[in-house]
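Okay, got some structures for you below.
First chain A sits with chain B, and in the next complex the same chain sits with chain C.
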Partner chain A sequence: MKAARHPRLDRRVRFASLLSFSVSRRFDRSTLGILLVVPLLAVLLGLVAYPMLSAVLLSLQAKSAGVPGQFIGLANYIALFTRDSVILEVFGNTILYALASVILKVIGGLAMALVLNEALLGRNFFRGWLLLPWIVPTLVSALTFRWMFDQTGGVINFILSGLGLVSMPLGWLATPELARLSLILANAWRGFAFFGVTLLAGLQSIPLELYEAAEIDGAGVWQRIWRITLPSLEPILWTIVILSTIWTFNDFTMVWIMTAGGPSYSTHLFATYAYQIGFVGNQLGYAAAVSLVGTPLMVALIAVLAPRMWKEE
Partner chain B sequence: MLAGNRKLTMLQRVVLYGILALLVVVATFPFYWMFLTSLKSGRAVYDTSQVLLARNLTTSNYRLLFAETDILRWIGVTAAVTAATTALALVIGIAAAYSVTGFKYRGRKTISFIVFLSYVIPQAMLFIPLYLLLNQIGQVNKLSGLVLSYLTFCVPFCTWLLMGYFRTIPAELGEAALIDGATPLGVLWRIILPLAAPGIVTATIFSFTLCWNEFLYAATLAHTNEMQTMSLGLASFLTSDVFIWGQMMAAAIVSTLPMLVIFVFLQRYVVQGLTMGGVKG
Partner chain C sequence: MRKTSVFLLIMMLATLLLQACAAPTPQVIEKVVTKEVVKEVVKERPKLQVWVDHSFYSKGTDALFKSQVFEWAQQAGVDIEYQQAEPTVMTPRIDAALESKSLPDMLYSADERIVKIRRAGQLLPIDDLVADLDQRMGGFLPNSLAGVTYEGKTYGIPQVMLAEMLYVRKDLLEAAGMEFPKTWDEAFALAQKAHNPPTVWGTGMQVGPSFDAEHQITSLLWAYGGSIWSEDGSIALDSPATREVLAMIKKYWDAGLWPGDAVTGDDAYNNKLYQTGKAAWIYNTGSVAKWLAQNDKELYDNTVFGPPPAGPKGRFANGITESIVVPNTGKNIELVKDLIRYLNDEERYKAIITEMSGFRVPVYQDLKSMDMWKGPTMTPLIESAEFTYPVGWPGPVADAALQESSEKLMTAMVGRVLVDGWTADQAIAEAVQKLEQMQARAAQ
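Entry: the complex of A and B
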């Protein structure tokens, strides 16, 4: 009651109680929760959702940078499917790269996980060491592979001709088939360790008793891999396979640096082709159509992935 | 473990070490090639008598790299954008993850699903309209514009990762503190953040890595030399008439060093982050 005798102090106390009132009542917990999520929504709506929607509108326009666009309806999409043979190659390449490199990554990753799950000397060290391809910037690995596959000075041709496997240096990045193969190999090299580490974590969660029981029942090593290891890894394997497919779908750096989509537009993915058209060729509307036309593929992948990754409590 | 509790037989050992050796060679060889090339003189690079081993190694590529190119500025630009983006993404991500996991209100499930969607939605679909948007608001060819564009992947990623970590913290801890008179923000500061510290370290590492390695947005948004990031600088070697592979590989090694340092010292967190839903690549 001392406060009542000092008007200024009194005001301060009343002010403080007003504040605490507002914090606990008016300004209740769910309001604070919503306030905390506002910055996130600002970023996601302003910088992700809004551009995505405007991309749809953009794909219905003829538009170059710096000039207002003209609405032309579905003309970009019609041109894409009737006059543009590259887009079919883009679809084909996306599926080819994704499938082929995923197979290599699963083989490499599984080998890595199975080996590192055993009591070998220095397994923690080697787990780290094998992750190096995943750690380096994609651009660095793309440059290095471009140089390794180089026709005249590249080490791949040197080794192959040293082993007597080729008589002439191969133009790895100069023919469509070999260029695609080079991209697949580089992509697999970069990604297998991610599979390895994820699968290793999966392996370590398999109870040892399962193996012991199988052994008592007389199951051999291969039977144990086939009957216990692989089935236990299946869910996690699917998740990373789809994730890696999405990343491949999304890839820009590896292709742009190694081949820039060439030779003669044969190795493009959606991102590189859209970039080529939009920023090299300055046809932004058409480029937006290119980048959106893979959406059904993407939606299908996300629909499979979502129930695996997005679990609400 | 395939052999159960028993010791591995000699044959099993040989096979396992053989596979391991093969994997190590495959994983390491490109680095060896990169490093060796960076130490070769211009003539030695194309000399077929010293492809896998070189005589007369030289550091001249590194000296020329720092003397003749703008690599220090590339590093500066990249470091500034990376630091700003990571700091912002962490603050936004921590707040949002706490909101979604610690509060009950309608729509929070939708929000966590939107985060997931933005996490997997490809840059490939976003970069053209994002360029136009940033162009409209005068953010093209500016550091702040690069930060804004990098937020589009760092924020969903950090939020996604932190939501996973925050969910593992028992809700009772926070509730008990609230009953004892703590404010919700006090709970975040004194209970959630200390307990989720490993998650925050992991989010920081990955956000840093994503920004440091970014190429597509930088290629569309940075036009002048002053705005070039490390990735753009590296790629600019490919625009010259003759490729100077020795210098290019030296630059590649320099741009990899920060990643290596982080990885060597914080490997535990990197592995943790990878197994918790990975990182876009």
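Entry: the complex of A and C
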């Protein structure tokens, strides 16, 4: 006996079949792919390309808030490189800050990942707890470091003098050298957990058999790290190095809160210098030029490092 | 289909219900008498946007000012949309409103931020209102109008001025065998005698990237006969007086009278230094005195308060005047003027000044004799109003002057000498070049 057929269901099934047949006829896979990518393109155009283009256009104008911009061509860039006595220092500060911070984050993150990859008591607790620097809002960590580095009442000088290591408190934010060091350390502290967690994930994907075979062949700990761990982590390491370099290059909060670009201009980065000129000094066009002038450097860096992300084993 | 119809019906009913529950637009019903017929005309209540881009430094003052605004609104039959927040929040909001020409009807702001709006051509000159209010309470302090006057027109009603005074540790003064310092030379002499790090440093005068430092260094320049600008607004920084001031600061810096990290100190730096007992003297507003009175009575009693030190050319203070301005984009200008008159009524204005309890000083001359100004912490503050001048002085409060102050160029100039080891000539040359660039941009 045939099962009873529901007339409405029949109509719906026939309609869906007809629709899918029409879809497959009209839209091949490539067209469907394009359609699926369109929303992403819209987001990229609206939230990335448009602001970028706006910034470029703004950098070609003399513009203050509330006053229509006046097109002045490359005058802002010419002024930047011929009459701005600070911009070269900003270049140097930014490169130093980004490179030194990232190197420290790699070392700290790798150490964290290697330790947490071992079977330790309370490993899961530490895996979560060591993420704290990354989770704490940057403003909070910047204010805390500012207090810690304070010459007259900071905890670092308190500990150092308590241990008898210094007779006079150190001015951690007093000289260009110490201020840069303090910022680099603070930034490295903030970011090493991201490296650690990411590298830990990478470590856990390395087959244990490789280590066992190496151990059987007589390889020591450092040899196993050098020959197995690091090469296996290379793609992921370069990925997070590039990401971290970009983020650190554009850092603002840590520097602005701790030193506001001082002492003198010795810790100004592109972001803080552009902020001071644009939002404090109301020179929006010139500030846009400052913020864009570091872009070729960043693009060159990515062009050099990015191929290493996809390097074949 | 049936389910869809029911759904649509429910949505329609819900929409109608929500509309019915919405608050009705307040309406004023006027009777308009024409020749033949009395008509009833329904008019909406006027609405004013009032923005205050800073706190009045105490919750009590914030609440009192707001209540005065709303009291007037109730009497006048006006709706008020009131916003008040710190400059860090309000400045981007004002910038956005500037760009979209949607500033509020009334704005209470500092002269340094008002310049930006004036330059955008969105401020209404209100000389008539100024002339009217100048008849009250002995009239305005002349220097209070300097911050809102440009090319002969006045763009705001000054309300209060920032005043600063010298805070000196009494015990260190007595140990040094000195009188309260009346000049900068005496102040630094005290700093040298009292200097005993790490227990206490000679001075907490601001030299880091902060508005306090910018104002204090500018005040020092004026006291020694120097200036950033001349009366006609041209650059006057390159002078023997500027070199003298730089040499003086450098001399005392090399003697270690400041903690080294003073060069990165923010606006709270000297407050913190004095409040933790680490500075022999600082130069600040009444906020520190208020904090001491509430939190450290011992240090409060151990502090002598006095006017800022004088230099060879006199006593000067680079301060801020906070004023009410009227953007020219509003639709209810006369209502706003009425509100301003209401707020500047003697009784209401005095109530605000009393509630501020020294954080700011009044701009009306007669109010200097209020009883509240008689006292060790209050007398120096009210006296300093006489010699407080805005950015750009003795020239106009021009856009370049605002840029200079905002970018803290004098602090940067001092930083070049103290931190980077530049000579005074080099530091002044760089500052002058930046001032010229600022003037060129302002002229575009």
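Just so it is clear, the second predicted complex is superposed on the first by the 252 of 313 C-alpha atoms of A that agree within 3 Å, B and C clash if a C-alpha of one lies under 4 Å from a C-alpha of the other, contacts with A are read in each partner's own complex, and residues count from 1 in each chain.
The definition used in the following text is that contacts are C-beta pairs under 8 Å (C-beta built on N, C-alpha and C of every residue); 3 or more make two chains touch, one makes a residue touch a chain.
Keep in mind that what you see is a predicted model, and the values were worked out from it rather than measured.
Of the two partners, chain B and chain C, it is B that touches more residues of chain A. In the superposition on chain A, A:Val67 contacts chain C only, with no contact to chain B.
With both structures placed on the common chain, the touch criterion links A:Ser266 to chain C but leaves chain B unconnected.
Of the two partner chains placed around the shared chain by superposition, chain B is the only one that A:Met112 touches, whereas chain C remains out of contact. Touch criterion met: A:Arg127 reaches chain B, while chain C stays clear of it.
In the superposed pair of complexes, A:Leu41 makes contact with chain B only, with no contact to chain C. Note: residues 65, 150, 152-153, 279 of chain A belong to the chain B contact set and to the chain C contact set alike, using the contact criterion stated above.
Those residues of chain A lying in contact with chain B across their complex are 23, 29-30, 32-34, 36-37, 39-41, 43-44, 47-48, 50-52, 54-55, 58, 65, 108, 111-112, 114-120, 126-141, 143-145, 147-148, 150, 152-153, 155, 158, 189-191, 193-194, 197-198, 201, 208, 211-212, 215, 221, 224-225, 229, 240, 243, 246-247, 249-253, 256-257, 269-271, 274-275, 278-279, 284, 287-288, 291-292, 294-295, 298, 302, 305-306, 309-310, 312-313. On the chain B side of its complex with chain A, the touching residues are 1-5, 8, 12, 16-17, 19-20, 23-24, 26-28, 30-31, 33-34, 37, 45-46, 48, 51-52, 91-93, 95-96, 98-100, 102-105, 108-109, 111-118, 120-130, 132-133, 135, 148-149, 151-152, 155-156, 159, 167, 183-185, 209, 212-213, 215-216, 219-220, 231, 234-235, 237-238, 245, 248-249, 252, 255-256, 259-260, 263-264, 267, 270-271, 274-275, 277-278, 280-281. The touching residues of chain A, counted against chain C in their complex, run 62, 64-67, 70, 72, 79, 83, 85, 149-153, 161, 168-169, 171-176, 179, 258-266, 276-277, 279-283, 286. Considering their complex, residues 91-92, 95, 98-99, 101, 116-117, 119-122, 197-198, 201, 208-210, 259-264, 266, 272-273, 276, 278, 399, 402-403, 406-407, 412, 415-416, 418-420, 430, 433, 437-438, 441, 444 of chain C touch chain A.
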